[in-house]
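Shared between the two complexes below is chain A, which pairs with chain B and chain C, respectively.
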Partner chain A sequence: MQSDYNTHIKRIVLLLVVAAVLGFLAKKFATPTSFGKYGHYRADAIQDEVDRPLRHMTNESCLSCHPFEWELHEQGRHKTISCEFCHGTYADHVQDGKFAGRLPVKKGEEIKTLCLRCHNKAIKARPKDVIKTVEMPRHLEDQHVQVTHICNQCHHVHAPLIYINHAQKVLGIEEANNGKQ
Partner chain B sequence: MSAVHNGVMDVLTNFVLPNDLHVHWSLMIVLYPYITGIIAGAFIVSSLYHVFKIESLKPVSRYSLIFALAFLACATWPLLNHLGHPERALNMMLTPSPSSAMAGFGYIYSAYAILLIFEILLIYRPVMVALKARSTGLLHIIYGILTFGSDNVSSQSLKLDHKIIGFLAGLGIPMACVLHGYVGFIFGGIKANPTWSTPLMPVIFLLSASVSGISGVIFTYVTIQKFRKKPVDAECVRTLTKFLWGVFILCFTFEMLEIFTHSYLKTHHWEMIHGLLWGPLYKTFWVSQVGIFSLIPMLLLAWMCLFRVGNATLVFWSTIASGMLLVQVLLMRWNVVIGGQLMSKSGRGFTTFHPQFLEKEGILPAIIIMVAPLVILYLLEKIFPMWMDDERLTALDT
Partner chain C sequence: MESSKFAIDKDRRTFVKNVLKGTIAGSLLLVIPMGGASGSLEVPAQIPGIRGRKYDMFKQRFAFIVNITRCIGCGSCCVADKREYNVPDGYYRTWVERYIKDFDGNVYVDCPNGGLDGYQTPRADIPGKVRDTFFVPKLCNMCKKPSCVQVCPVGATFKTPDGFVLVDKERCVGCGYCIQACPYSVRFLNPVTHTADKCTWCYHRVRKGLLPACVNVCPANARKFGDLNDPESEVTRILASPDVITVLKPELGNMPALYYEGLRREVVYECGP
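Then we have the complex of A and B:
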């Protein structure tokens, strides 16, 4: 039996109506219940974020087990830098107050890479009076040391100027480091 | 003194704010307007035949629609890859936000997709009814579904189809313009970026969309016909070439006018834009987009439209010009999207951008996304015979 001349059009219209109804039902049932409570977002998302386990802690959290490094760090120019910035995430090291894993220790060239993450002159957005930036290997040449030197051979990573100030004091050289280490 | 001076200059120039150092809208956001532009442009080609009755475009009238559909199928891919979490994509449809310009794409794209699909199904209905009778197995079932189970191809039925096709094709023109004008608006609406924030942006995007769509149709039509060892309809290519020239004149004029306006008015950010165009963008904008890929096609198109050119010559050079214009539009998207982000909000420095080959939004994913529509086009051809010289179609149409 041949279809009517407009059967397909009727079916297209029916299809669009069904799609619209399904869309409406999907919107009705799939929209999260708390959506729109405070604004154009799912209100429960706030609680979901609050419930997320903490991954990062403060420097004070490291103090209880690492008082020596903490004390040195507090005196130096790096005192505002978070421990986790260089060492890794607290949660990878301690969970529920117990040792959970060893954080990777940077060695050799890795230390240089880590330092240059902030102290590279190529990063233009670093005002000189906030962070000293250097160009490698020019900085090593200027200081008359071998270009293979790693940063921590002269700078203590926690108090970058502590050795340098000490050496200057021994040699009787005065330089304005504002007493910082 | 010189050292002090250099120090001051270092502070005054090349200061890039930390959050401006990386280009976050990368290759995927270059491809997104490129693909939607091709869709809109190809649809306009088909409308020239279906609405404005330009008979010489008949050979590509169906092809351009399927071509648009193949690219439409992939238009969201760059966005899904860029944003991640594709499983959340439909959330914006569930919780519509009328105040979000970005969310607007969901509705505009869906509405346009529905229109395009139904227009194609109605245009192909008589063909598919005949093909259904001849086919067996899976194809028989597919044609049954695509013809909505109706095999009525009486003149009364076709007349009704024809009316609706005319309506959809007519409605499709403003919708194609909205689709791509909207994409231009997304950039034009970002007032923090001086190269994007201009009301000309939607207009330039729309015109370049038409350029890329017409070029895409010419380029692939000729290439596919050569590949199939079938004759190319020179009259059709000639008409398309004329439209391409006309639209490209407007497109290129607006692109240059925008720069000229900034330059002549010495607008607020002109120093910065000048530095950008003559600095990091010099090669991609002046040398490539304007020099090589605009002026050469412009001269080629003018020569083909103003002088009596033989058919074989016309087809050859029109294909070359179309290929170059496809690159021109891609470069334009690059210079707008990437270029706009190379200026720091500090107004005092530029950053750089080098796409990687294998990264998530790198060159390889970009190639895959650009090849995918062509694969889809090949698959669609198995269901929708696109060529008017196709034995299947000519036998059925008569």
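Then we have the complex of A and C:
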């Protein structure tokens, strides 16, 4: 004989239904709308990443205000160096097309440290066909200048051989630097 | 008489119209802000074919190539990266390692401050005679089968249809599974946002037609980035050339989209050749 007492079953079924509805609603409201558009992730996150503000620009972005330096830099051997590496980021200098802040100017020993980041011969791992390296202070001794000299006293930082080539031309010294400055 | 008067009137009318047009156009030029998002695109594109057309994520393919034989270890890339993303001190999205091999087969690797300060001093603690020494820049390998995406429990790290592995900062819960799963150790837990963070190959720059910040600043052209759909791009030419192109840890099957030229065996395999 079947019992009439089935309240407990009704309760369990009701509980399961309520849990299923709650679960469904939770999933519906907690899942971001673009989730699953391309895969198991929020598709709008791609746009969020695209909208990240640019802090570095290119060397061309400096041209409009600094044409003299740009031209000098472009014809010299340092043309592959980014302006922003030595000077700081574009975003710290210009915001919305307007001047936003002065970039720090490297002076004295800072310049030497910056030059030796690339040109230090003591670091043997540098490929010789890519970069010309010097040994300090031997380079200064070889050039018969004081060992306290800073690199930019002879080398223009934007076009490192421009002064040297010019001086050699004036003095009539024929030491080929392949015509590059 | 009537007709000539009419002509003068017409002239006057057009003159007034033109003056008005000029004034409006001129004042608009002053009012509309130059710069910002639109101004940033005034610089010429570095990657051709991205700007000025609809970006189809499902068709784009990119590659990053690092040429070890050209890296001078200046650390420009590391500095640019830190500045572009304001990476907290002690964390690195990209870094440059120095390898030193001696004649006994020992390999010494160091990376002071991730290469941020460059390499100013030679290593003094090498007992043997140095056989070979070189720099190896490291960054996200943008695997075609990324382990980090597979382990993320909340779908916060993902591979975009155009092949970039990115992190969704809003969804990341900072569990760190992906950091452990990454075979190339490029991920870290950002102490500011408390979410996983890593190199994105400067996705925001690439979509604007600019090169990644590290590629843009590299003075030795050791880092190359380009469009694989463009048959004229440098990366396409390199990958189609007979040069030896390797990826890191190929035995793991992650299939990186970051390729290396001139890499030595000691770097390629985790447990030595």
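Annotations for the structure displayed:
By definition in this document, the second predicted complex is superposed on the first by the 135 of 181 C-alpha atoms of A that agree within 3 Å, B and C clash if a C-alpha of one lies under 4 Å from a C-alpha of the other, contacts with A are read in each partner's own complex, and residues count from 1 in each chain.
Quick note on the criterion: a contact is a pair of C-beta atoms (placed from the backbone, for glycine too) under 8 Å apart; a residue touches a chain by one contact, two chains touch by 3 or more.
Values in this document were obtained by computation on a predicted structure and should not be read as measured data.
By the touch criterion stated above, A:Arg55 is placed in contact with chain C alone, chain B being left untouched. Applying the stated contact rule after C-alpha superposition, one finds that A:Arg11 touches chain B and leaves chain C untouched.
Once the two complexes are overlaid on the shared chain, A:Gln153 sits clear of chain B and of chain C alike.
Touch criterion met: A:Lys27 reaches chain B, while chain C stays clear of it. Counting residues of chain A touched by each partner, chain B versus chain C, the larger count belongs to C.
In the superposition on chain A, A:Cys118 contacts chain C only, with no contact to chain B.
Using the contact criterion defined above for the overlaid structures, shared-chain residue A:His40 touches chain B and also reaches chain C.
Looking at chain A, you'll find residues 35, 40, 123-125 touch chain B in one structure and chain C in the other. Residues 33-36, 39-40, 42-44, 46, 57, 69-76, 79-80, 83-85, 98-100, 118-122, 130, 133-135, 155-161, 166, 168-171, 200, 203-205, 207-208, 210-211, 213, 216-222 of chain C touch chain A in their complex.
Listed in rising order, the residues of chain A touching chain B in the complex are 2-9, 11-12, 15-16, 23, 26-27, 30-31, 35-36, 40, 123-125. Those residues of chain A lying in contact with chain C across their complex are 32, 35, 38-42, 45-46, 48-58, 60-61, 78, 80-82, 84-85, 88-89, 94-98, 113, 116-118, 120, 122-127, 130-131. Remark: chain B residues 14-18, 21, 93-95, 97, 99, 114, 118, 121, 125, 147-152, 154, 156-157, 160-161, 164, 349 touch chain A in the complex.
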